[in-house]
Amino acid sequence: MILGRVVGTLVANRKDEGLLGQKLLLVRNVSVDGDDASGFVVAVDSVGAGEGEMVLYASGSSARQTEATRDRPCDAVIMAIVDSWDVGGDEIYRKTDADGEWAS
Amino acid sequence: MILGRVVGTLVANRKDEGLLGQKLLLVRNVSVDGDDASGFVVAVDSVGAGEGEMVLYASGSSARQTEATRDRPCDAVIMAIVDSWDVGGDEIYRKTDADGEWAS
Amino acid sequence: MILGRVVGTLVANRKDEGLLGQKLLLVRNVSVDGDDASGFVVAVDSVGAGEGEMVLYASGSSARQTEATRDRPCDAVIMAIVDSWDVGGDEIYRKTDADGEWAS
Amino acid sequence: MILGRVVGTLVANRKDEGLLGQKLLLVRNVSVDGDDASGFVVAVDSVGAGEGEMVLYASGSSARQTEATRDRPCDAVIMAIVDSWDVGGDEIYRKTDADGEWAS
Amino acid sequence: MILGRVVGTLVANRKDEGLLGQKLLLVRNVSVDGDDASGFVVAVDSVGAGEGEMVLYASGSSARQTEATRDRPCDAVIMAIVDSWDVGGDEIYRKTDADGEWAS
């Protein structure tokens, strides 16, 4: 899985019927230090992620292994909202109330 | 899914029978800011996209999850025409009548 | 699918039985302008492509969706010979008799 | 498979139910010489790997071919802990007691 | 498929049971000219390849389409030993007795 940050939303009214009703989010890749990295994807959201939140997304056929995406033409799905991670024993990121403005 | 812009069409008369009758479009990748990026693919069109339109395409086995592409040797499919997207609350792109000259 | 040009052939007598009898071609990636790009693959040929011809190849599990490659350990297949393509209304490439010296 | 080194752990309480109970580790890619390389993934651990250990991870649909990950939205799994490797007859890496502080 | 050269072996005693008994080889990518290129993988050997030999490896789900790798958490398999290849009519590589010191 790749670590990313939700940076925006995308609207597409004309789409394959397999994607009707799916929320599409723009996710920018982040480095292991939590900084913005190059690369981004448009992913289906299966966990109710909000803008600003750190997330994990899965790609390829694995992106179709959620309720929201099974048998759909979807190759990227957000399947987790990240609470924290550490590297070498040091905490690099911890979610605060300021993150994830849309989070319910 | 990856964000792209339809930039052209491709004709191939001699092809695997699984691709007979499919429209093949050239799609250039675009950045999160809507600018041209490096990289492009040739994708089957499942939604009636036209030149100039911003689209989403799915890759890999997920590209075979549409009516047009099921069980075909196709690894890229346009599965949505993009109407708009925003980043950090700012609208980055909104489709206008000037886009998508072939759109029906 | 990716646009490529057949640049050579490869011989491998000792191989997985799933690939016995398959023609293996070297395909160099080309840019949207038709120029040589970085990157190449060795692909199974499912359409009778010849050296010099512009082709499309599919990768991953989609490469196994042809008669020649079903259930084989093959992750790249040439599934179309390109006749022409255009970008922004301008013809970029059109196949001539000089291309594809082996084409039948 | 790709060679990596476990550098940290990640906590995500809100995730697709298919990932409940899975340990998520940060794995940095390493070069053939055993040095840190660019690129990292977040992988499910199927073998009890610990921080500092050299591991192999599998990606894509192959990442779902373990007990821990079958039918889950998981595209990267640690499926082996590396004991040693050699290149050109020279031993490049051999696991010592100092490696893998969490290893059981 | 990707062209590579076997440069070493890897030992991993603690691994997913699906990989028990499999030989793991380090394969460095080579260019179309036969020179070392960047990138390498650890691949399961399905054809009895030896150090120094030029091989083809398949990636992703296609890597599971051999007897040795079916339903295993394996995303790279050596499925052919290369005898020769040519580009533009010129022979670039031909296997000699000096190559493949372990080859049987």
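First chain written, first letter: the chains are A, B, C, D and E, and each begins at residue 1.
Criterion: a residue touches a chain if its C-beta (ideal position, glycine included) is under 8 Å from a C-beta of that chain, and two chains touch if they have at least 3 such contacts.
A quick note: this is a predicted structure, and the numbers were derived from the prediction, not measured.
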CA centroid of chain A to CA centroid of chain E, Å: 35
Geometric centre distance via CA averages, chain C-chain B, whole Å: 21
Residue list for chain E, restricted to those that touch at least two other chains: 60-61, 63
Touch-based graph of the chains, sorted into line, ring, star, complete or other: ring
Successive chains along the ring, chain B then chain C then the rest: B, C, E, D, A
Parts of chain A lying in touch with chain D, wherever the complex brings them together: 1-3, 32, 46-48, 56, 58-63, 65-66, 69, 77, 79-89, 92
Complex contact set, residues of chain B against chain C: 7-16, 18-19, 24, 26, 28, 40-43, 51, 60-61, 63-64, 71-76
